[in-house]
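The letters A, B, C and D name the chains in turn, as written, and every chain counts its residues from 1.
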Amino acid sequence: MPQEFKKQYKEILEKYILRQTEHNLYEGQNISRQLIQKNISPEEVISIHKASLEEIMSDLPEEVWHSFDLLIEVMVRYGLALKEHQTLIQKQQNIKMEMELAANVQQTLLKTKVPNLVDLDIGMISVPAKEMNGDYTHFLHDSTHVGIAVADVIGKGIPAALCMSMIKYGMDSLDGAETNPVIVLDVINRIVEKSVSDSMFISMFYGKYDTSKSEFTYASAGHEPPLFYCSESSSFSELQAKGLLLGVIPNVKYEQHSIALKKGDFVVMMTDGVTECRSKEGFIEQQTIMDIIENVKDQCAQEMVEYVFHKLEELQDFEQRDDFTLVIFKKV
Amino acid sequence: MNLRSSVDIISEWDIVAARQLGRNEAKDVGFGTVDQARITTAISELARNIYLYAEKGNIEIKQISEGNLKGLLVIASDKGPGIADVRKAMEDGYTTSGGLGAGLPGVKRLMDDFKIETVVDEGTVITATKWMR
Amino acid sequence: MPQEFKKQYKEILEKYILRQTEHNLYEGQNISRQLIQKNISPEEVISIHKASLEEIMSDLPEEVWHSFDLLIEVMVRYGLALKEHQTLIQKQQNIKMEMELAANVQQTLLKTKVPNLVDLDIGMISVPAKEMNGDYTHFLHDSTHVGIAVADVIGKGIPAALCMSMIKYGMDSLDGAETNPVIVLDVINRIVEKSVSDSMFISMFYGKYDTSKSEFTYASAGHEPPLFYCSESSSFSELQAKGLLLGVIPNVKYEQHSIALKKGDFVVMMTDGVTECRSKEGFIEQQTIMDIIENVKDQCAQEMVEYVFHKLEELQDFEQRDDFTLVIFKKV
Amino acid sequence: MNLRSSVDIISEWDIVAARQLGRNEAKDVGFGTVDQARITTAISELARNIYLYAEKGNIEIKQISEGNLKGLLVIASDKGPGIADVRKAMEDGYTTSGGLGAGLPGVKRLMDDFKIETVVDEGTVITATKWMR
């Protein structure tokens, strides 16, 4: 196989030795691309070079040819490294396929349906940093209540994804959308504490909207506080609620708070993948995030979350470092 | 400094012209043979990308300096289709141009600094710098 | 940095050009190893070679030096491929670490305790083919019953591992060890059918041992049939039970059967990773497996399963192709 | 065929002797320069492994043929500690000898057939064959 390239290479070499034009070097570059694609190893390239030069300048002293033999000897190891690379690329592609399949399985397992309500507009986006998502969002829904869980495993990738499945089955065991946030956190905390090793922690926010009272009740297990936008005063505030991360100790007393939502008010729930976005100049300020959200406050909730994601993606130069989840509950 | 510091890329011949310009400037800055070959390869790859995917574009080459440091700046710009998924285009082994070590990740490796600005349907500007050690 | 090697390389080249000894080539090989370790790229090696030769044989015609410039141009791409390799090795190591962490998380999540009974000796081994296990074993236990689930997701690796967590939470939702095998399979089947995409199937065997009656009751969802060893007749037979794989359709009628266990009798439950072991000569015969088990039938159940695993590992030349799970219930 | 078809590996000098023997035999079979260098590198690596990890061992080299096919067989044997985890020793990038493409996976790549038999505390026999294309 290297022999097919011998003739081509010799021609280029012959021309280049005669006239050192850029065009001849460009041809050298092109043949190089082909050589690599055909798995011609570097020691073979040296051998082709030597043979070509022997034919073009047969009267060179013996020593020159010997020098090439040493170069071939040295290049054998470079050829080996390159072959190792090809194996690794193959392996990498297999892993990639497995990851994609796993991400699909995860999506099917953890799928949640965004409820449709008359007086509440809901938007949701969750984008993993790697193939698999270590953020988790889950909706519960009955005729008068919507429950929303937003959780984040400390860590990313496969280990985090495995943990997430646990929360899902915990949520499935709950009685329904009416359950109070502190109860939900208590149940999930006990499950997590029992099943997960000491080094794995999960932060979780749980909110419940009651249509009959236009009231949003919430509790937090060490999770990023949501932002509340008050339409009347056109201002943002944080919804604070103290509470330990899930999985640390079995008995935790969580705080529960409520606010009334008026027309145009909205709650922005998120994971730290949103607040800890970094641009080249450092962390992005909370004010920047608020400004971005306020820009689109009159659009529908789904358009809002998507706009915020794309804006922040741009600000961080398309390098997403953490799973990104954003949910908006907007009273209409 | 060379007067003609920019080459429009329209045909394959312009790739060679851009290489020639880059090599001359690199030699002029004082880069050695190996670095000249690397810079030229990077320019070649950028020009080839324009020729293959954007049809029309431009390669600009500037000698630069920062304190005692001298270097070469390469700007490849086109009004082509843009790159929809920059993350993917920068991943190893996923170049459509095929082959190991090729494509934009290759250009990034050959140079010291590398920046990409792209808007779908508007075009792409890639800026790459090589400093003399 | 390449300059440190220039002097060394030139010396070797000088000696080799003078006398073409194997010792000089060996030195070339050794410097090659160092060059690679110091990330000297192949185009730099050519450049070092050229510079050395220029010093040794300064009177060679101009053309020779030009020829090296073309070779450098050609080698630049080989250097790139090598740099790509270094990135990939780093990535590969990160993935390896993530997989190991994930395997740990999985083990913690899916851990099951082998029950301790007076009249039943239990042995269990489960070894994944890759980092993560797509086989699953779970014990339920009360004062008079032991339930045992052995399941296998069609597929291996991370996607299979994610599915497994589903079975675990399904099992957790069961009432206890008294539940009948057909009920267990029915519950799990509904969960799997609901949560998993159409292309994912799971085979599962469920057995329940009742201490008060010394009776083993079982049902199967398309799973590898267990082997029953009758001590009296010193013979093996298969415990057949028809039933569709989990996750195909929501309503499946599973068959339930019972056998009495007498002293010295034992039941061998397994996944297809045991029966589909391959040696160079093809699949290992069921008879071979039975012979291996019978060899150690008087040892304790845990020793039995470990012996079988090591024997089969040897027979397949240490290349484990599938997750391997083996559980023995021995009446004592 | 060469009379002295085997070399004991005790000191580092014996690595060179084994290489010399391998190269002579490879030349005799009719292998080209590149394949000679590859076979010698494989022998070098096997001999070095013996020297580093087993202290004492032997490299045997045989010319072989199968029909019209000619080839070279290399047998590296030692009574060293053996390899506890063959799977790991054959994994890329996990050689203790360091460096890319080195170690046993490298030997396997350089040759056409490769077989390893090892017993912990008893020793290792590695058989590798290269056929002439």
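Please note the rule applied: a residue touches a chain if its C-beta (ideal position, glycine included) is under 8 Å from a C-beta of that chain, and two chains touch if they have at least 3 such contacts.
Since this is a predicted model, take the numbers as computed values, not measurements.
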Chain pair with more C-beta contacts, A-B versus B-C: B-C
Chain A and chain B, separation of their C-alpha mean positions in angstrom: 29
Separation of mean Cα positions, chain D and chain B [Å, integer]: 45
Interface hub residues of chain D, defined as touching at least two other chains: 40-41, 93, 99-102
Residue list for chain C, restricted to those that touch at least two other chains: 25, 29, 33, 36, 69, 73, 76-77, 81-82, 84-85, 88-89, 92
Touch-based graph of the chains, sorted into line, ring, star, complete or other: other
Each pair of chains that touches, named by its two labels: A-B, A-C, A-D, B-C, C-D
Interface residues, chain A side, partner chain D - complex: 43-44, 47, 69, 72-73, 76-84, 87-88
Sites on chain C touched by chain D in the complex: 22-23, 25-26, 29, 33, 36-37, 82, 85-86, 89, 92-93, 318
Chain B - residues contacting chain C, complex: 32-34, 37-38, 40-41, 92-93, 99-102, 105-106, 109-110
Chain A residues within the chain C interface of the complex: 12-13, 16-17, 20, 24-25, 28-29, 31-33, 35-36, 42, 45-46, 49, 53, 56-57, 60-61, 63-64, 66-67, 69-71, 73-78, 81-82, 84-85, 88-89, 91-92, 95, 98-99, 101-102, 104-106, 108-109, 157-159, 161-163, 165-166, 168-169, 172-173, 195-197, 200
Residues on chain B engaged by chain A in the complex (per definition of touch): 15-16, 19-20, 23, 40-41, 44, 86-87, 93, 98-102
